[in-house]
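Chains: A, B, C and D, in written order; residue numbering restarts at 1 for each.
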Amino acid sequence: MYNIRTDLAVEARDIYKESSKLDSIPGIESEEDDRGNISITRVRVTNEEGERAIGKKPGIYITIETPALRGNNPDEAEKITNVLKDELTKILGDCEKKNVLVAGLGNSRITPDSIGPKTVSNLVVTRHLFSTMPHEFCDGLSHVCAIAPGVLGVTGIETGEIIRGVAERIKPDVIIAVDALASRKMERVSTTIQIADTGISPGSGVGNKRKALDRETLGVPVIAIGVPMVVDAATIAIDTIDALIGAMDNSTVLDNQKESLIRSVVSDTQTMVTPKDIDSIAERISKILANGINFALHKGLSAEEISVFTG
Amino acid sequence: MYNIRTDLAVEARDIYKESSKLDSIPGIESEEDDRGNISITRVRVTNEEGERAIGKKPGIYITIETPALRGNNPDEAEKITNVLKDELTKILGDCEKKNVLVAGLGNSRITPDSIGPKTVSNLVVTRHLFSTMPHEFCDGLSHVCAIAPGVLGVTGIETGEIIRGVAERIKPDVIIAVDALASRKMERVSTTIQIADTGISPGSGVGNKRKALDRETLGVPVIAIGVPMVVDAATIAIDTIDALIGAMDNSTVLDNQKESLIRSVVSDTQTMVTPKDIDSIAERISKILANGINFALHKGLSAEEISVFTG
Amino acid sequence: MYNIRTDLAVEARDIYKESSKLDSIPGIESEEDDRGNISITRVRVTNEEGERAIGKKPGIYITIETPALRGNNPDEAEKITNVLKDELTKILGDCEKKNVLVAGLGNSRITPDSIGPKTVSNLVVTRHLFSTMPHEFCDGLSHVCAIAPGVLGVTGIETGEIIRGVAERIKPDVIIAVDALASRKMERVSTTIQIADTGISPGSGVGNKRKALDRETLGVPVIAIGVPMVVDAATIAIDTIDALIGAMDNSTVLDNQKESLIRSVVSDTQTMVTPKDIDSIAERISKILANGINFALHKGLSAEEISVFTG
Amino acid sequence: MYNIRTDLAVEARDIYKESSKLDSIPGIESEEDDRGNISITRVRVTNEEGERAIGKKPGIYITIETPALRGNNPDEAEKITNVLKDELTKILGDCEKKNVLVAGLGNSRITPDSIGPKTVSNLVVTRHLFSTMPHEFCDGLSHVCAIAPGVLGVTGIETGEIIRGVAERIKPDVIIAVDALASRKMERVSTTIQIADTGISPGSGVGNKRKALDRETLGVPVIAIGVPMVVDAATIAIDTIDALIGAMDNSTVLDNQKESLIRSVVSDTQTMVTPKDIDSIAERISKILANGINFALHKGLSAEEISVFTG
């Protein structure tokens, strides 16, 4: 069947629930939380049964959802930043004085794939300051360094190889990987942040970022932060078919018929569906992600001091 | 009915033919031409009957079609440039020494809407050189000037007002307006150039560029050059429905049912479908458009000299 | 003599004072003001005698000076923004409900010359909203529109022609022209804002922006806001010579000797001296200029609302 | 004394010759070559005596000089590209099928420091294609991969650490490092390419790229390619003093007097002198460097094929 991948555990869970008609899935625990108009869902994959069901590795997947992420209201941006900071703080555990490597994945020249590199350029990077700055200055700061390794098609090197090479030299305690995600539903595009403690899985995101980035391959915990920025054009065709079939009770469409229909409509698989103002959305979301990380890692810095650092 | 506009006369003609089951449309003349893998269609709207049928003003609409426009083969780009130059030369008539104002319409900060401003930045602009350069230098050059007026949401001024204001001062003999277009079919996106001698009609393109730019409003001929860069996400839903209904003989879907189906699938009307590498496609197409114009207007310049001018 | 132009009235005054050994210049009135570490100087050229002395047209020239303009401290930026707003408010007089056209002069592709276009892109543009938005919404807003006309070398059209053409159509009550300036001293680069009610004079700025933009040519008051962003490389040579001569009491260097010396050192007149981080300085200064204008014109908007508008 | 560093061996040689009044320097061999208006100088530091004299490590330093490098004539660019290809081919030796890592050093957001990253983005990167493409396709191609590691102030990681980490994983046979250089004379800025087989020395370039990148630290040969893009503003002051003293026979200025003079003129050490159109110069030079590398490494590719690859 024409199968569209989602990087969001919460979507994978919902799709499984719908197709299996199950109310609860063995191996999957969920909890929901609200902070104003921001809803937080924590999906925990507790065992291999859960992994098989929704196709996500055991671990925790936190989804922060709000249409305000797409907007440009600075008040709302501050609220989302704070939620992100709090969730990150919990998932990072005691990060005081930790060495953190942030990797901004994706292609800086393809707008919807650029939030990783853009986030990195808004970080307060401090690792190089510790040897030269006075001791007091560094109170409340983590050792943060950051790279934007580029994508395979541009560098000729798997992203994972670059990160592993750098990590072997600088020995971080934890890696935070920021990336654009693929989602299944248009309404989640640029409205959802997912934080996972399971790293990045093969084939994630808009492009081709093969080879897992996780504790197994990198030797340290890998926290993944991502935002869906596009959906595949085929999702619209699939959703239309499903909606149409739902509307015509006694009709059925076979799966292979469905696939050929979709192929006929969406001829070019290299298309994507994005919001029209994706350029400015990508800028704003990258700032929110960067500041969530900045606040979570540098508890000693005020919003103002972070502005001074990041210009 | 949920009606998706197309800026392409050739598409409007095909849609009308299909729905009317007519083989030829009164008031519409068409001819086709091939140059290698580039197909050229000239649709002429000869009277008001033709205008009513396909919703395009009387005049000529030339469509240059080739998948190579989307690619990055410099040989192919040169061929397309030459076809564009030839068609432009014919439509401009005797342009030797003419004063030409090129207007690059659209929003330079929204990638698929940026080909107008990007084209302008690759033009050989000469108007200011004629007073200072030796006479021989100017042989074979037209007087070309160019502006990228910006869009209403950014300037607060209708594009047409800016162009009219500038045109009233510099008195061009002809205006060439370059713009991104909307098309009805994904396969035409970044594979089709339309040249029209009827100017730009209200509501064209990706954004909101109201108020006609044509001989009537500007007092001189307005040649429009455009390339479809996106389709509305709803087109995919509509095409899917049509394909599905075609596949299920005895089913019918009412128009209002269709519309609510589409609304349910494509919730956010501010979405668009584009090729994934729209950023580099927009760069390349802008260069082709600019060079087609450069060669058509500056018959005295070699490809090399144009490179020297445009850096 | 090798004469380096300054766009700053305060520098022209000081140079005249020094060479004439006069303490006060007939036709020139000055007053100084301090707000924290921001010093404000108001130089008024009251008659033609003053104009002849310092080469600036009769009118008021306000200089806001602070090294913080070059930095990236958001607190300091806010203070500078407020001073700019206050001075602009005074010079604009009653601007409530006025129609204001802001022109961002300069070349967006040459970083130190880009602050005009960059300022325009950070403005709250409202002119097009008045016809569609509810009446209450528009309380406390001026009618603001904005263009970045580009430079002669890129458009083939004098900047003044474009602005005049647009102004004739949209009939603004006042024009604000934002531009990069030339200064005589490196220490003023990116540390000084000049506001003048006399418009823009021929030859100002980094490039070639000929033809005056003033009340005489445009028919309405023209407020010029500028920041020096570069100095000519020759200024360094001149200053060195003067310093060296000052250090060697009994030596003299003739003016023509001086000029040939400078020519020998600064062979290429197309060089400029800028701060190393001119890219980020230009971004930040443009935001300060834009917000100074935004607050002066839209008294009804909070800082937050302005952020929402400008994204 | 106020000492301005040069990264160019040819300049260091000339400065030493002038101050030592020696015609030939022990441990330094030079040869000159001309190809049209392009002059090629090969300076060989043959032993430690030569190293002490001019402060450059033993090895070969090839300088390709032509004012055309700064211009935008495609014919001239092609000639320079060919010279660069030939010199690179000689210095690389047998590179057929070699694994090459190209590192684009410098800060992509500071224009004169961006030629390293910009060069990387114009390379034909092939390393990832060898496993998937047919054997014939890869004839005449080297295995090329490329990274732009960013600068210490942005990443928090020494450039050398990143390159070493990546090199340890991908085991290149040779590393090519591309970087902006500092020169002592304005006339060399954007007119000179230096190729050296000694890698990159500490403190090179515009910014702070500490820690050597050479065979010793990286384990494989490191070919450095660089172009001077700025001079320090102080060089103008120094040159002025020297010219002035030369013009006044019986005057002398003490070194410490000279230094305080320069300090008084060039207050801000964070200034640089660049050509006014540095933005477009940096674009064009990066393309020439990239194509010189592309042709040297991929002998099987035509100019056209390289265009197809690099878009």
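Quick notes
Everything that follows uses one rule, which is that contacts are C-beta pairs under 8 Å (C-beta built on N, C-alpha and C of every residue); 3 or more make two chains touch, one makes a residue touch a chain.
Since the model is a prediction, treat every value here as computed from it, not as a measurement.
Under the contact definition, chain A and chain B share the contacting chains C, D. The interface with the greater count of contacting C-beta pairs, when C-D is set against A-C, is C-D.
Averaged C-alpha coordinates put the centre of chain A at 39 Å from the centre of chain D.
A straight line joining the Cα centres of chain C and chain D is 37 Å long. One inter-chain figure worth recording: chain A and chain C are separated by 44 Å, centre to centre, where each centre is the mean of the chain's CA atoms. Shared interface positions of chain B, defined as residues touching 2 or more other chains, are 109, 280.
Chain contact topology: the protein chains form a complete graph, every chain touching every other one. Residues 72-75, 280, 283-284, 304, 307-308, 311 of chain C are the ones that touch chain A when the two sit in their complex. Contact residues on chain A toward chain B in their complex (touch as defined above): 109-111, 186-187, 189, 206, 233, 236-237, 239-241, 243-244, 247-248, 251, 253, 257, 261-262, 264-268, 270-280. Across the interface of their complex, chain C is touched by residues 109, 121, 125-129, 143-150, 152-158, 161-162, 164-170 of chain B.
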